[in-house]
Amino acid sequence: MVINGKMFRSVVFHALVLGCGLIMLYPVFWLLSSSVKPTTEIFTSKSLWPTEFTFQHYSKGWFGLRNIQFGRFFLNSIYLCLVAVIGTVISSSMAAFAFARIQFPLRNLFFALMLGTIMLPGHVTLIPQYIMFHKIGWVDTFLPLIAPKFVGDAFFVFLIVQFIRGIPKELDESAKIDGCGWFTLFFRIILPLSFPALITAAIFTFMGTWDDFFGQLIYLSDIKKFTVPLGLRLFLDSSGSSNWGAVFAMSVLSILPSLIIFFLGQKYFTQGIATTGLKG
Amino acid sequence: MLNRKAITASMLSAVLLLSACSKGNNDAGTDSASQPAGNASAPAGKKVELRMSWWGSDERHERTQKAIELFEQKNPGITITGEYSGFDGYMDKLNTQIAAGNAPDLIQMGGNIKEYVDKNALLDLKPYVGGILNLDDFNEGLVKSATFNDKLYGVTLGVSSSSLLYNASMFEKAGVALPTDQWTYEDFKSSAIEIAAKLGKGHYGSYDLSSDVATLASYLGGVGKELYRDGDRRFEKQDIVGWFAIWDELRKAGAIVPADVQVANPPTAVDKSLLVNGQVAIQGASASQIFGFQELTQDRLALALFPNGPAGSGMVQPISGQYLTAYEGTEHPEEVAKFINFFVNDPEAGVILGSTRGVPPSGKIRDTLAAQSTPVDKVLYDYISLVSDTAPPVVYQQFPLDNEFTKLLQVTSEKIAFKAKSIDSAVDEFMTEVDKLLLKAKAQ
Amino acid sequence: MQKYKTYAAGYLFLLPWLIGFVFLYLSPIIASLYLSFTKYDLLTAPKWIGLDNYKAMFTDDYRLGDSIKVTFKYVLLSVPFRLAFALGLAMLLNQGMKFLGLYRTIYYIPSLLGGSVAISVLWKQVFDKEGIFNQAIGFFGIEGPNWIADPRYAIYSLIGLSVWQFGSVMIIFLAGLKQIPQELYEAATVDGAGIFRKFARITMPLLTPVIFFNLTITLIQSFQTFTKAFIISGGSGGPINSTLLYSLYLYIKGFTFLDMGYASAMAWLLLIIVAAVTGVMFLTSRYWVYYSDGRD
C-alpha cells in the first residue's frame, strides 16, 4: 500500500479535508475567541486574536446568577437528554419493528398518521397541548418534555424502519424456523443489526433535546429546573442589555456534551454490522 | 444638551417636574428600612405563594431577586417565586399561560399593556390605590398611561422615552456640533451629511430611521399632525411622502446607512448596532437602552431629542417603559398589590433595583438614587427631564395593532430603501394597509 | 390463529406509539383543526367563524403568497444541495483512513450549533458585506453582495446555513453505508469489479432506503423550517419578507399578531401541501427504492 505517489496523494487529501473543515469552522473559532475577549472588544474588533485574554465571561456565566449555578442547568439538561434517549430508542425501535416486519391491519394508515404528526407545524398544537398538560398538573415538571419521547418520534421510527427493511428477510425466516418468537427476533436479530440506526437515533435525540429551546421555555418555569438553552437566554435581553460575553462562554461549554457524545458514539456506528451482527 | 451636563446636581429635581403631584422630597434620601409602606404582615398561619414573571438580563434578574428576598423577609408568610428569562419567547410563554389560565400572579409588561387590558387578562388595581397601593409619589401621566376606562391595570416600573441615541465621540471626531434641544430636520440632515463626509467610507451620520415608529410619530407631531387618535389616523398620504423624502435625500447623499447594511446590523439589536463600533453616529432607541449600548463601547454615548418640525417639537411625553401588572386570575389580589407597592415605593428596594428598568417612577426613590448614580444614569435622568420639559402636554395614543403597524412601516421603508418600489407607490400601498388595520381594529 | 397472533404482536409493538398518539397528539391535533375555523387571540375564548380564515388566506393575504414562494424556493434549493453535500462527504469519510473520527467530528460541529442563539451573530460574521465569505471571493476579484441583508440574496444565506448544517444528514448516510455488508464488496472485488461498478451495483441500490428516508424527511423538515429564519432575520422574515418562510409567517400571525385561528388554518394548508409532496414521494419510491426485505 505504501507507495510514494500514494503517500503524496494522501497528504494532499488530508490537507484538503482538514482545510475545508477548518474553514467551515470559522464561526466556531469566532465564538471561541469572543468568549475570551473583553466585552468592549467582542463586537468592535474584527481580529480573532483577543488583545487580552479574559476568563471573566466564564466565571460570570457559571457563577454569576443569583442562588443558582450554571452547572445546575447542565445537570438538568443531561438528565432530560438521557431519559429522552432511553425513551426514544425503546419506543421508536418497537414501533419501527412493527411497521417494518409485522403484517397487521391498518398498518399503512397508522404509518401515514405517524408521519402526519410531524407535518403539522408544532406552533399550532402547542397551546392545546399546554392546556392539556396543565389540566393534568404536569406544567413546570419535566414530564411534558419526557412523555412524548416514550411514544416514539416519527422521524426516528421512519429512520429505523428504513434500516430494518435493509436487513434481508431470510434472517427472520430462518430464525422462525429455529422457533424464535417475535420478541426473540426483535431483541436477538433486528436490534443488533440496526445498531447503527439506533446509535444515530440516540445521538440525534440527545442533541435535539439539548437544543429544544421553545418547548423547555414553555413548560419549565422554576429556575431550579432550567436547562442549558434557558440558562443561556438568562443573559440575553434583546430589548435591552445583554451579557454577550457570558452567552458566548456558556455557548462554548454547552456544545461540549454533545461533542463528546458524538465523538464517542461515532466509533460505534462506524463499526457497522459486519462485525457486530450476524451472530444471532 | 451640553450645558445641561453642568447641572447634573439638580437633575433629579428636574425630573421631579414630571411628578407634579409628588409630595415633595424632604424625607427622601434615606435607605433606613424604618417604613416599609403598607407592611402589615399577613395573617398568621396563612401561607401565600405568588409567582412573578419578568424578562431581562442577568443584572436585572439579580436585582429583582434581591428585592423579592427583602420583601419576603419583611412579609413572612408570603413567598414569591420568580419566573424569569430573556426577552426571547417571554410573550409567547405568557400568552400560552394566559390561554391555559395559568399565568403568574405578577407580570412584567411592556408597551403592549392595552392589548391585554382589552382582552381582560389583567386585574384592576384601582380598589387598592390609596390603601395598600400608594401612588402619591407618581406623576399623573404615568398613572394615566395604565388607566383604561377609569380602571388601573398596572404600575410603572421605569420611565423612559423614545430618543435619538448618538455617539458623541464621533461628532467630536468629525468636528460637528452636538445636537441641541432646538435642532430641526435641516440641522439633523446637515450634521448627518457632514459626519459621513468627514469620517469617510463606511461611516454614516445616522441610521435610516424611516422605519422607526417613534421617530415617525414625532415627525408627524412636528408638522402638526398625529399618528392616531380615537379610532382614526391623523395623517395624510403627503405627510408620509414627505417623511420618506427626507430619508431618500439623506440616502442619496450617502449620509445614512444603506439598506443592506442596516438590515444586517439593525439598530434595535444592541449587539449588532454600528453605533458601538463608531461607524454610525445617530440611531433611534428607547432612552433606557443607553446602558446596554454604553457597556459595549469606549466611545461616549448620549441622548438627543427628535428634531423640531415647523409646528415645533413632536416629542412624546416620557412613557412607562415597563409595568408591573397583576393577572386577572390571581387568588391573592391583596398580597399582589402589597408587593407592587413595595416594589415601587420601598426605599431599600429602590436602591437594590436601581434603574434596571429605566428611571424609577417614584420621586422619593429617584432622590435616593441621585447620590449614587453613574455618569450614564445621569445622561438618562437628564434626558428624561428634558423630554418632560419639551414635549407638548398631549397624551400620546399608540396605533392599534401596534405589532402589525410596526411591521408594515418597516416593510414599506425597506421597499423604498432597496428601490423595490417608488416612494409614491410604496406609500399608496402603505395607506391602503393602514386603513385595513384601522378597520380590523374597529372590528375587534 | 397464527394470523391473529401476528396481529397481536404487531399491535403490541406498536402499543407505546398508539397510546401516545391517542393521549398526547390526537387531541391537540383535533383542537388545532377546530381552532382553524375560529377567531382565536389566545387571551379570550375562540369564536366560531366557519371558513373565514381559509377564505382570507386565498383572497386577502398577499404576504402569504410571498411566503409560499419563498418557502418553495428554499426547499427546492436547499434540499438537493444538502443531500448531495452530505452524501458526498459521507462516502469520502467512509473510507478507511487516518483521523477519520476527527474529520467526521469537525464536519459535524456546525450542526451541533443547531438553533443556538449565537448563530445569528456568527452567521453575520460570515455573510455580512465585509464577512469572511466576501473576503474569500474577493481574492478572485469578485465583489460579493451583503448576503444576509439584500432582499435578492437573503434567502441564499439561509440556504447556505441549511447546507452548512448538513451533518445530521451525513451521519444517517454514514450509518446507511455501514449497514451494507462488507462481504458484498469483497465478493465483487473477487469478481474484478472496479470502484464505479461497486458504487453503481452495490452502494447505490443498497443505500436507496436511506436516500429515500433522507429525501423525505429533509423535505418535510425544510417545508417547516422555522428556527433558522427566525434567528437570522431577528424574527422579522425580512428584508421585505424575503426570508419569510411559511412557518415563520405562521408564528408571527399566531403569536405576535395573536391570530391563532388564522395560524391554525395556515398550518392545515401546509399539512396538505407537505402530505401531498410526501405522498408523491412514497408513490414513486416503489420504482427506485430497493429493500432487502423484498416487500415494496
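We just call them A, B and C in the order they show up, numbering each chain from 1.
Operating definition for what follows: a contact is a pair of C-beta atoms (placed from the backbone, for glycine too) under 8 Å apart; a residue touches a chain by one contact, two chains touch by 3 or more.
Here's who's who by UniProt: A = Carbohydrate ABC transporter permease; C = Sugar ABC transporter permease.
Note that the coordinates shown come from a computational prediction; the quantities given were computed from them, not determined experimentally.
By C-beta pair count, the most extensively touching chains are A-C. Each chain gets a centre from the mean of its Cα atoms; the one farthest from the centre of subunit A is B. Subunit B and subunit C have CA centres that are 39 Å apart. With centres set at the average Cα position, the gap from subunit A to subunit C is 16 Å.
For subunit A, the set of residues touching two or more other chains reads 126-127, 213, 233, 236, 244. Residue numbers of subunit B whose C-beta contacts span two or more other chains: 88, 92, 96, 99, 269, 271-272. Among the residues of subunit C, those in touch with two or more other chains are 42, 117, 121, 255. Interface residues of subunit C facing subunit B in the complex, by the touch rule stated above, are 41-44, 117, 121, 124, 128-129, 145-146, 148-151, 154, 234, 236, 238-241, 252, 255-258. Across the complex, subunit A is touched by residues 6-7, 9-21, 24-25, 27-29, 31-32, 35-36, 42, 92, 97-101, 103-119, 121-123, 125-126, 130, 132, 164, 168, 171-172, 174-176, 178-179, 181-183, 206, 209-210, 212-213, 216-217, 220, 224, 226, 247, 250-251, 254-255, 260, 263-264, 267-268, 270-271, 274-275, 278, 291-295 of subunit C. By the touch criterion stated above, subunit A contacts subunit B in their complex at residues 39-40, 42-44, 60, 64-67, 126-127, 130-131, 134, 139, 213-214, 217-218, 221-223, 230, 233-244, 246.
On the subunit B side of its complex with subunit C, the touching residues are 88, 91-92, 95-96, 98-99, 115-116, 119-121, 259-266, 268-269, 271-272, 401, 403-404, 407, 410-411, 414-415, 418, 420.
The part of subunit A that touches subunit C in the complex is made up of residues 10, 14, 17-18, 21-22, 24-28, 30-31, 46, 90-91, 94-95, 97-105, 107, 110, 113-121, 123-129, 132, 147-148, 150-152, 155, 157-159, 162-169, 182, 186, 193-194, 196-197, 199-200, 203-204, 207, 211, 213, 229, 232-233, 236, 244, 247-248, 251, 254-255, 258-259, 262-263, 266-267, 269-274.
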